[in-house]
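Each chain gets a letter, A, B, C and D, in the order it is written, and its residues are counted from 1.
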Amino acid sequence: MDYQTILEKVSKAVAPLTGEGKVADYIPALANVNPNKYAVCIDSIDGNLYAVGDADERFSLQSITKVFSLAMCLSIKGEELWTRVGKEPSGTAFNSLVQLEVEGMPRNPFINAGAIVLADVLLTSFPDPEARFLSFVRELCGSDTVDYNLEVAHSERETGYLNAAIVNLLKYHKKIERDVEEVLAFYFKMCSIEMNCKELARAFLAFANHCRFDYAGVSLTLSQVKRINSVMQTCGFYDEAGEFSYLVGLPGKSGVGGGIAALYPRRYSVAVWSPRLNSKGNSVMGMKTLELLTTETMESIF
Amino acid sequence: MDYQTILEKVSKAVAPLTGEGKVADYIPALANVNPNKYAVCIDSIDGNLYAVGDADERFSLQSITKVFSLAMCLSIKGEELWTRVGKEPSGTAFNSLVQLEVEGMPRNPFINAGAIVLADVLLTSFPDPEARFLSFVRELCGSDTVDYNLEVAHSERETGYLNAAIVNLLKYHKKIERDVEEVLAFYFKMCSIEMNCKELARAFLAFANHCRFDYAGVSLTLSQVKRINSVMQTCGFYDEAGEFSYLVGLPGKSGVGGGIAALYPRRYSVAVWSPRLNSKGNSVMGMKTLELLTTETMESIF
Amino acid sequence: MDYQTILEKVSKAVAPLTGEGKVADYIPALANVNPNKYAVCIDSIDGNLYAVGDADERFSLQSITKVFSLAMCLSIKGEELWTRVGKEPSGTAFNSLVQLEVEGMPRNPFINAGAIVLADVLLTSFPDPEARFLSFVRELCGSDTVDYNLEVAHSERETGYLNAAIVNLLKYHKKIERDVEEVLAFYFKMCSIEMNCKELARAFLAFANHCRFDYAGVSLTLSQVKRINSVMQTCGFYDEAGEFSYLVGLPGKSGVGGGIAALYPRRYSVAVWSPRLNSKGNSVMGMKTLELLTTETMESIF
Amino acid sequence: MDYQTILEKVSKAVAPLTGEGKVADYIPALANVNPNKYAVCIDSIDGNLYAVGDADERFSLQSITKVFSLAMCLSIKGEELWTRVGKEPSGTAFNSLVQLEVEGMPRNPFINAGAIVLADVLLTSFPDPEARFLSFVRELCGSDTVDYNLEVAHSERETGYLNAAIVNLLKYHKKIERDVEEVLAFYFKMCSIEMNCKELARAFLAFANHCRFDYAGVSLTLSQVKRINSVMQTCGFYDEAGEFSYLVGLPGKSGVGGGIAALYPRRYSVAVWSPRLNSKGNSVMGMKTLELLTTETMESIF
C-alpha cells in the first residue's frame, strides 16, 4: 500500500472523531478557526508528496515553531546552549511555574519557559532576529510567503498573563538578558507563524533526511539534528510525551493551533492539522492520525 | 570498522573515566563489588556476539529487571495495565513520593513505585510468580543458571525504608492488592537477579529483533515490543532520560548495579557494566561507552 | 452571664448543625460511635466546672494526645527537641509526605510525621514508655481509669498504611532511632487514649493555669508551657489552624475522634466533643461551639 | 521594673548581635541605610511612651504596611474578603509561586500575592486609593508628615520581577480586576511608606487597645480587630511565624526594612527597628529584642 492510499484510509478511520475535543479559545484569532478542518501530508525524502484534506490552508503553528528556534539556537551556541535550558522531560503541564521556581532553570526548550529563553538567545545573537528567524523558517519550508501573523501575536500579548509571569520569573532568576517586554513580544511573534501542512511537512523534512542541514545561514551537524529529534521524542508533547511516543513512536512536536509535525528518520516527515484539542492541548484527530499511520505502516523508530 | 573493533576502541577511550563516580553502597552486597570492573557486549541479530572486558562476570541487574516485569505484565494485562500505572516520564528523582502523593498513581513502570505495582500484578496473576518470573528471564537470556541473589534481596529489605514507604503509600491509595510485605519481598527478589553482559545483551535482543516474542509463556506482539522500547526511551534513566536519549539515542534501561542495556531496533542489543555511578544513579562509564558507540557507528534511532 | 448559662446557650445555638459532617470511618472502632453525641465542658482555674451534654462519656482523643507527648518530650529534651522536629505551620494537609520528602524533617510536632518522631523520643528515653505516658496523662486529667483502647490501637495499625509510609520515610531520613514497627505501635497506642470532656478539660487546665507544671515526673517551666500553647495556636488544627485562630482565638488541639480541647490562659480550659468532622478533619459542632463561646464571652487571647 | 528600664536592659543585651545578618540590598534605597541603626519603642494604652535608640528616625515599613491594607480591606469588604484571599499560614517562603499555582488563591494577605490582591481591592473600592490609604495611615500613627517614598517605590518596580510574575499569575487566575501595572505600582507605593518607631508603635496601638477603631473613615469592630491580630499571629513572619510565636508570643508583623511591630492586647504596642535581617527576611536584633522583652515581662498572649 502506498502512502497516499494509507493516508486516505487513515483519514477515513479518524473521521468519526471530528466533533471530539475543544478548539483553543484563549485568543479570538485562534478561537475563530473552523474546528472541522483536517489535513495530513507526508513529504518523502525520495521527493514524493502525499496529501489529504485541507493541506493548502495555513494555520497557526504556535509551539511547533519551538523546534525552529531550538535549531537556530543550537546552531549558534552549540552544546553551551544547555547551560541556559535543560533537556529533560518536565513531567508537569507545559506552563508550570513550580518546576521553574524550584530548579531555577527551564526543564527543556519546549515548555514555554524554555522557549522564552530561546527567544532571549536569538535576541542577543542578532541585530535583526525577527528577519533572521523568518528567513530561516521560509528556507526550511520552501515558501517566501510564510509569515508572522501580527494580529495573533498582539492578541497573545494582550492576554498572555501566564507567559508574562514566566518571563518575569526568568528575569528574576537572571535567566534572560533582554527586557521582559521585548522577549515576550518576540516569543509571541515566533509562535504566530502560519503554514499549511505541505509547508510544515517540508520544514520538518530537514530533520529527517540526514542530508546537509544549512538553511539561511543556520547549519547543523547530523549529530545535532539527531539530538533535536531526541528532544522532540522526550519533550515534544507537553505532559503527553510518553503517550505520543508510546502510541506513535516518532519524534514530533505539537501546537495549540491543532498542528502536529513528526518524522521518520531517513524516510519522511509528516504534518497533520485538526484544531480540536484534547485536555493536554494536543490535537485529538492529529494524535489518532499519526497512531494509525505508524500502525498501518509498521514504521516507527522502535 | 566491525563492532569488535569499535568496542575495543570505545573501551580504550572511556578507560580514563575509571575512577569517576561512586559505587552504590546502601547495601553491603552491592558496596563490595570491585569498582573497576568493566564489560561491554553487543549481541547482533545476525547471530554474532562481540565482547570486551569482564563480560562473563555476573552483576546485580537491579532496575534493569523492570523491563522484564513490564514485558510480563503487558503480556498478561494488555493495554489495561495502564490503568494501574502511567507511562509518562516522571521529571523527578526515581524514588520521589511527591508525584505519587499528588497524582495517586505511579508515573511510569520504571520508577520504584511503578515497578512495585508490577510486582503486585504478577503476584495476583500467578500461583508461583517467583518461579514464573525466573523461567521467563532464563529463557530470555538463554541461561539456566541465572538466578535471584537471596542475600542481596534480604539485605535490600532490611534497609529498604524508602521502598517500604512507597509500598505503604500505594496500599493507602488502594493501588496494590496484596500484602505490603509480600509485594516488597517479591520486588526486591526480582531486582536481585544477576547476569553477565553476554546474558544481558541476549535478554535484550528479544526487544530488538522484531521476531516472534514468546518466552516461557510470555508472548508479546511486535507492537507491544515497540511500545516497551518507547517506555524505555522516555523513562529508562530516572531523571536523566532526556540526557541519555540526547547523547545515545537508543532505548535502554539502567540499574544501580552499574549495568545498562540498550538496543538498536532490527540490528543489535548492547549491555555494558561498570559499577561506579554518577549523581543520578547511572553508570558513568556505561553512559559514556554507549554515547561513543553510537557516535562511532552513527547508528541511533534518530 | 456565667459560663454554665453561656454553655447552654451555645449548645442550643449549634444544635441545628447536628447532621453536618461525617464521622471518621477509616477504622470500625471510630466509625461505630453514635454520631449525634455532643458535650462541652469548661474547667475554670477558680475551681468551678461547667458542663453540658454527654460530658461523662469517653471518646477517642486521637491527635489531641500529641499535646501530651509534646509536653513530655519538651520536659525531657528541652529546646534540643527542635533539632528533631520543626515548629512552623505546615501549610498542607496533616498527613502530607511532600513536605517531609523535600525538607527531611517534620514541620511541626502535631502533623503525624512530627508526632511519630515524638513517639521515637519517648521510646528512647524510658525503659517503660507506655506506662510512663499513661501515668502522666492520668495525673494530668486526675483519673486513674483513663486508659489506652487496645482495640482501637490494633485496628489503626492494621489499616494505617499512610502512617506506615511516613514512619518508613522518617527512618530512611534517619529521623527515628527505633524499629519502625515499634514506633508505629506506640504512636497508635498513644492516640487510642480515651477521656470524657470533663477529664479532657482538666488535662488542659494544666496548660492554662500558670501554676507549677509537674505531673508524674513531667515538669515544665512556665515559659515552656506558654511555648506549647504557641505551637497549638499555629499548628493545632491541621491546615485549618488559621481558621480556628481567626474564629476562636484560643490555642487548642483537635482530633479525628471529634474532640477539641482549648484554653484561655489564666482563666479556664474547655473541651468539646461531637464526632462529625468537616473536610479538614475537625469537628463541625466543636469548631462552632468554641467560636460562639469566645464571641459570647469576648474572651480570646487577641 | 518599668518598661523604660526593661527596654534599656534589653537593648544592652541584644547589642552584641549588632553585626549579624544582612541588610536587604535588592534595591539601592534600602541597601544604603546605616546597618547599625537600632530603636525600640513601647506605646502603652495608659498613655505612656517608652523609647530607646534611634526612635525618631524613619525607615521603610515595607511588608508591615500589609496590616494597614488588611484593616482597610476588611473594613470595606467584611468577611467576604476571604473569598479573595485565604487566612492560613503559607508554610513556604513569602514569595512562593508554587502554592499560588496549585491552589489558585493566595494563602493569606501577608504573603506578597495576598497583599497584591489587597491592593486590587483598594483600587476597585476608591477613586483615590493612594490618598485614602495615606490618610488612614497618617491618622493611625498620628502624624501628618508620614508619606510614601517615591524613590523607593519606583526602584522596587524597576527590579521587582518576582512581584511582576506574581501579579501576572494572579491576573491569569482572574484574581485581580485592575491592570497589572497599576496594581503593582500601588502595591509598591504602599510598601514604601516610612515611619519612625514612635509612629509605628502608635499605629499598632489601635490594634491593641480594644477601643473604638475608626480612623479616616476606616472602622472595624472589636471582633475584626482581634481577627487581624490572629492573622498576624499565624502569618505575620513569612515562614518564621511559628518561631516568632514560640519565642515572643505576641501578634506582630515584620518588614524587610528591618522593622517589626507587635502588640500585647489591652496593654501596649511595640515597634523595633534594626536593618540587618536573618535568612528568613526578619530583623535579627528585632526578633531578639521582642523575645527578651516578653521573657523579661512574662507578658505574652499565652
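The definition used in the following text is that a contact is a pair of C-beta atoms (placed from the backbone, for glycine too) under 8 Å apart; a residue touches a chain by one contact, two chains touch by 3 or more.
Bear in mind the structure is a predicted one, so any value in this text is a computation, not a measurement.
Asks: When you check each chain against chain C and chain D, which touch both of them?
Replies: Looking at chain D and chain C together, no chain touches each of them.
Asks: Measuring centre to centre with CA averages, how many angstrom lie between chain A and chain C?
Replies: The separation of the two C-alpha centroids amounts to 55 Å.
Asks: Between chain B and chain C, what is the separation of their C-alpha centroids in Å?
Replies: Result: the chain centres lie 47 Å from each other.
Asks: Using CA atom averages as chain centres, what separation in Å is found between chain A and chain B?
Replies: 32
Asks: Show the residues in chain D shared as contacts by 2 or more other chains, in ascending order.
Replies: Correct list: empty.
Asks: Let me know each pair of chains that touch one another.
Replies: The set of touching chain pairs is A-B, A-D, B-C, C-D.
Asks: Can you list the chain A residues touching chain D in their complex?
Replies: Per the stated touch rule, the residues are 96-98, 101-102, 161-162, 164-166, 168-169, 171-172, 180.
Asks: Report the residues of chain A in contact with chain B in the complex, numbered from low to high.
Replies: Those residues of chain A that touch chain B are 86-92, 99, 107-108, 222-223, 225-227, 229-231, 233-235, 239-243, 245-246, 249, 251, 265, 295, 298, 300-302.
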